[in-house]
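After this come two complexes, each holding chain A, first together with chain B and then together with chain C.
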Partner chain A sequence: MFETVWYALPVLVQDMLVFLGLLVPLAVTGGICLYGYRVWPLIRGLLRKHTAISATFVLLIAAAVGISVGLIAQERGLREGTARAADKFDLIIAAPGSEITAMLAAVYLQPTALPLIDGATYAKIESHELVDLAAPLAFGDSWEGVPVVGTTPPFVDHLSEGLRAGRVFETMEEAVAGANTPLQVGDVVEPVHGDGSDDFSEHGHAYTIVGKMNRTGSPWDNAILVAVESVWEIHAMPTGHGPDWDGTLGGPFDPSQFAGTPAVLVRAEELWANYSLQSEFNTSQTMAFFPGNVLAQLHALMGDIRQVMSVLAVATQVLVAVAVLAGLSMLSRILARRMALLRALGAPRRFVFAVTWTFATVLICLGAALGIVFGVIATAVLSMVITALTDILVQARLAWPEMHLVAGFVSAVAVLSLYPAYLASRRSLLDDLRS
Partner chain B sequence: MPDLSIENLVIDSASGRRLLEVPNLTVPSGGSLAVRGPSGAGKSTLLFAIAGLIAVTAGQLKWGETDLVGMADTARTTFRGATFGIIFQDHLLFEELSAENNAGLAALYAPRQRRAGIGQVARRMLTDLQVPWDDPRSVVSFSGGERQRIAVARALATEPPVILADEPTASLDRKTADGLIADLLGGAKDAGRTLIAVSHDPALIDACDRVLTIEDGRVTDHV
Partner chain C sequence: MRFFIAALFSLIAFAAFANEEDHGHDDHAGEAHADSEHKATLGNVTLLHAWAAETEGSEVFVYVEIDNEGDAPITLLGAEADIAGAVELVGFQSKDGVASYAPLPMLPIAAGAEMVLAPNAVAFRMTDVTTHLHEGDDFEIHVVFDAGEVAMMAQVEPEGATQHSHAGHNH
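Entry: the complex of A and B
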C-alpha cells in the first residue's frame, strides 16, 4: 500500500518528502528542547558576544559540507558529462581488442595504437542496408596540440548538428574547427605529425578553416576535423578512392584503395537496427559495441567509487561534527558562568540545556546552509577545472541527493549536540558562578 | 511572605574545611538584615546558603515551612525562582542584551502566562530606577551605576517576596549608592519584602533593621 502510494508520487515530491523526513529528528529534538521557553534573545546575544568563535565553527562546518556535497555532485557531473560526450556515437566498430581502448580513442580522442579495419571490412559496413551513416577515422596529426582528425563530411554534420559558422570541408585543403579551438573561419593551419610534443615533422600540407562546429561537450570540441582522404594522402597512403575519383569527399570508398581505419562510427536510424548491426559485426574480424554500454560498465565501477566517496564524505562530516561538538563542549565552559547565573536566578536545568543545544544547532544549521553555497561554488569551479583538463563538458549541479546528505548531517549533529547541552546543564552551579 | 529560620547551620568545603557556622538566626517576613564582616569571613557563603545555592553540611535552613536543606535540586531551583530576587556583587548581567531584556530575563523561562507580567514589571522597575527601558543598546555600554540598577530591576521583576543582595553598592559612587539603598529599602518596605544584604557599606548597614557580623566563619555579633 505504502509503496503503491509512494511510487505514484512525482519524483520531486518524493525528494522533498525524503528531505523533510531527514529533518524530522531535528524538528522533534528542537520541539522537545524548546517547548515552553523563549531562547532566541539569548541566542542572538550569544552569537553577537562570541562572533569570532561562532564564525569559526560555522566556517568549519561549511567547509566540510561544501567539500562533501561538491565531491558527490562532481562525480555525478562527470558521469553525466562522459555520457553526454558519447551521445553522438551510437555504435563503434573496430578491430577486435579492448572496447575501452577503442572508445577512448574514437569518442574521447585519446592517442592509442589500434589495429586497423581493412577496406573490405569497411565496405561491408558501409554498404550494409541498415547503416545510415558510417564514418572512418584517421588520427596521427596535430596543430599546436590540437588533434587533427580525419573523417567524413556527413559525420561532421551529425556530430555538430549544423555548424556555428561557415560550412563543412569540401576539399582536402579545408577543415572544420571544434567549438573550443582558438580558430576562426579563414584561419590557416599546418599540422605536424604526432602530438607536436617532440620529434615532430611538418607534412607541408595546410588547411583553411571553412567552418566551426557547435559545442558538443566532448573532446571533439577541441579538435580540427578534416577529410579522412587528406590525412591518408599526407601520410603517403591511398586516398580511399580510385583513379577516376571526382574529388567528392567521403564514401563510398574503394576497398582496394582504403588505407585502413582504427574505428568506424556507425549510426542506424532505428534503435533495433543498431542492435542488429552490433550483433552482426561482432565477429572474429571486428568488434562492435555501444559506447553507452561501455560507459555504463565504467560507471558501475564508478558507482562503487561513489559509494566509497559517499562514505568518505559522511566520515569527513562526522569528524567535523565531532570536532565541533568538542569545540562546543569547550564553548559551554566559556558560557558556564552565564548558564550558572541563569540557574541561580531560578532558570530550570532544561532551560540551560535548551539554550546550549539551540546555540550549537544554530551554528550547525548556519554552517550547513553556508556549506551548500560553498558546495555550489566548489562544484562550479571543479567543473571548469575538469572540463579544461579533460575536454569533456562537465556541468555538475547540486541536486536532491546532496540536499538529503546535508539534511541528514544536520539532523545527526543536532541529535549529537544533546550531549554537550547535557554536560552544560550538569555543571556545578556554585563553581561556575564564582569562577 | 515566609520567615527565615536557621538553626545550627554548618557549611564545610569539599575538602572538609569549615566555612561557616550559624547557631541561630531568624529574619521575620518583611524585615531587613545586613550581614557584615571582613573579606573571606563567610558572608557570601551565608547568602548563597540562604538562596539554596550551596550545599549545607548540617543544620536546618527554613523559609517558612520549606526546608531548603533536604530539598531536591529541581525543587530548590523552582523555589529560588519563585521566592528570591538576587543581586550579585558584580552585576552579572548578560552584557550583549539590552537593559529591558536583562531586567526581564526571567520571562524567557517563566510559564507563558507570566511572561507579559514579568516584562511589564521589569520596564516599570527600570523606569523607577531611572534607566531608560527602551534603550536598545547592550548593557555593556552602560555606566556601573546603571548596570547595578538594571541588576536590581532584574531582581524585582518577578516581584519576589525576598531580596538577596551581595555587596549591592560596592561598585557605585556615594551618591549613586545612597540612591540605590533608598530604592532597595524603600521598595522592600513598601512591598513588604524581606531584604538580606551582604555589605561593607556603613550606609546600607545602618539602614537595615538588624545587623549580623561574621568573622572567620562564625557569628560574632547580632544586633
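Entry: the complex of A and C
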C-alpha cells in the first residue's frame, strides 16, 4: 500500500519528503530540548562573545560538508558528461574485439589500432533498409595535436546539428573544425601522420577550414573533420569510389575501392531499429554496440567506487562531527562559568542543557549551509578543470542526493550534541563558580 | 589532455576488463548442460535463460537470449506474465547523459541473428508485480512473436545480478 502510494508520487515530491524526513530527528530533538524556553537572545550573545571560536567550528564543518557534497556531485557530473559525449553515437559497428577499445577510439578519439571493416561488410551496413545514416570513420592523422578524422558530410551534420560558421566540406581539400579548436573559417592546416609527438611525417596535403561546428561537449570539439576519401588518398589507398566517380563526397562507396574503416557510426530513426541492427550486425565479422550501453555497464561496475566515495564522504563528515563534539565539550567548559551564573540565578539544569545543545546545533546548521555554498563553488571549479583537461563537458550540480546527505549529517550531529549538552548540565555549580 | 581521458577510462576499463566479453559468436562455448528447463523453442527460434534479479519492488525487468536459427526474420512483440499487471518491451537509451528505458513497439530479429535481452539493453519490463521475487524462485513468462507465443520459466537471480547464473553454458 505504502509502496504503491510512494511510487505514484512525483520524483521531486519524493526527494523533498526524504529531505524533510531526514530533518525530523533535528526537529523532534529541538522541540523537546527547547520546549518552554526562549534561548535565542542568549545564543546570539554567546555567538557575539565567542565569534572567533564559533567561526572556526562553522568553517570546519563547512569544509567537511563542502568536500563531501562536491565529490559526490562531481562523480555524478562526470558520469553524465561522459554519457552525454556519447549521445550522438547511436550505434557503433566495428570489427570484432573489445567494445571499450572501439568506444574509446570512435567516441573519445583515443588513438588506438583497430582492425578494419572491409568494403563488402560496409556496403551491407550502408544499404540496410533500417539504416538512416552510416558514416565510416578514419583516424590516424593530426594537426598540432588536434586529431584529424575522416568521415562523411552527413556525419558532420548529425554531430553538430548545423554549423556555427561556414559550411560542411565539399572537396578533399576542405575541412570542418571542432568548436574548441583555435581554427577559423579560411585557415589552412597541413596534418601529419600520427599524433605529431614523435616520428611524424608530413603528408603534403593541406586542408582549408570551410566550417566550424557547434559545441558537442565531447572530444570531437577538439578535432578537425575531413572527407574520409581524402584520408584514404593521402595514405595511398583507394578513395572508396570507382573511376567514374563525380567527386561527390560520402556514400555509397564502391566495395572494391573501399580502403577499410575501424568503426562505422550507424543511426536509425527509431530505437527499436537500432537494437534490431545491433542484433543483426553482432556476427563473426562485426560487432555492434551502443556506447551508451557500454558506459552504463561501466558505470554500474563503478558503483562500488561510488559507494566507496560515499562512505569516504560520510566518514569525513563523521570525523569532523566527532572533532566538533569534542570541541563543543571543551567549549562547554569555557561557557561553564556563565552557565553556573545562570544556574545560581535560578535557571534549571534543563535550561543549561537547552542552551548548550542549541549553541552546538546552530554552529552545525550554519556550517552545513556554508558547506553547501562551498560545495557549489568546488563543483563549478572542478567541472571547469575537468572539462578543460578532457574536452568532455562536465556540468556537475548539487542535487537532492547531496541535500539528503547534508540533512542526514545535520540531524545525526544534532542528536549526538545531546551528549556534550548533558555533560554541561551535570557540571558542579560551586566548582564552576569558583573557577 | 588525452592523458586525462585515457587515465579516466583506463580506471573503469580495468574494472570492466574481467567482465567484458570479446565479441563473436562464442557466447555458448562454455560447459554443456543436459537440462532444458531454461530453454524454450518456437519453430526455429530458441529462447534460453530467461531471468530477473531479486527485488522487493513492483517493477521487474526480465531478460532472455533469443536465437533465430531460421532463414526468415521474426519480430518480437512483447511478453505476458501472470505475476505482473502489465509487461512491455523496452529499450535502454541515454539522452543528454540521462539513462532511461523507452517502450519498443516491436523488435525484428533477422534470420540467423541472436538478440540478447540484458540489463542496459533490451528487456521486458513487468509492472504491478504482485509477488516479491526471491533468489531461486521461478515464474512463467509468455514471450510473444509475430509467429506465435512461447511459454518458459524465468529464474530469479540475486539482487544486482547482471546475467543468468548459467550464462555461457550450452543446453
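In this text, the second predicted complex is superposed on the first by the 435 of 435 C-alpha atoms of A that agree within 3 Å, B and C clash if a C-alpha of one lies under 4 Å from a C-alpha of the other, contacts with A are read in each partner's own complex, and residues count from 1 in each chain.
The criterion applied here is as follows: a contact is a pair of C-beta atoms (placed from the backbone, for glycine too) under 8 Å apart; a residue touches a chain by one contact, two chains touch by 3 or more.
This one's a predicted model, so the numbers in the text were calculated from it and none came from an experiment.
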>> Once both complexes are superposed via chain A, do chain B and chain C end up clashing or fitting?
In response: fit
>> Given the overlay on chain A, how many degrees, to the nearest 10, lie between chain B and chain C at the CA centre of chain A?
In response: 120
>> Is A:Phe19 touching anything from chain B or chain C once the two structures are fitted on A? First, second, both or neither.
In response: neither
>> By the touch definition at the top of the document, which applies to A:Trp245: first (chain B), second (chain C), both, or neither?
In response: neither
> Between chain B and chain C, which makes contact with more of the residues in chain A?
Replying inline: C
> In the superposed arrangement, which partner chain does A:Ala300 touch: chain B (first), chain C (second), both, or neither?
Replying inline: second
> In the superposed arrangement, does A:Ile100 touch chain B (first), chain C (second), both or neither?
Replying inline: second
> Does chain B (first) or chain C (second) touch A:Tyr108, or do both, or does neither?
Replying inline: second
>> Once chain A of both complexes is superposed, is A:Gly292 in touch with chain B (first), chain C (second), both, or neither?
In response: second
> Should A:Trp400 be classified as contacting the first partner (chain B), the second (chain C), both, or neither?
Replying inline: neither
>> Applying the document's definition of touch, where does A:Tyr422 land relative to chain B and chain C: first, second, both, or neither?
In response: neither
> In whole Å, what is the nearest CA distance you get between chain B and chain C after the fit?
Replying inline: 51
> What residues on chain A touch chain B, complex-wise?
Replying inline: 36-39, 41-42, 45-46, 48-49, 337-338, 341-349, 351, 429-430, 433
> Taking the complex as given, what residues does chain B use to touch chain A?
Replying inline: 48, 51, 53-54, 73-74, 77-78, 80-82, 84, 86, 88, 92, 94-97, 101, 105-109, 111-112, 115, 138, 154, 158
>> Quick check on the complex: what are the chain C residues that touch chain A?
In response: 1-2, 4-6, 8-9, 12-13, 15-16, 19-20, 22-25, 57-58, 91-99, 102, 104-110, 113-116, 119-122, 162
>> Help me check something: in the complex, which residues belonging to chain A touch chain C?
In response: 3-4, 7, 78-84, 86-87, 96-100, 104, 108, 110-111, 195, 219, 222, 271-272, 274-276, 279-280, 282-284, 287, 290, 292-293, 295-302, 304-305, 386, 389-392
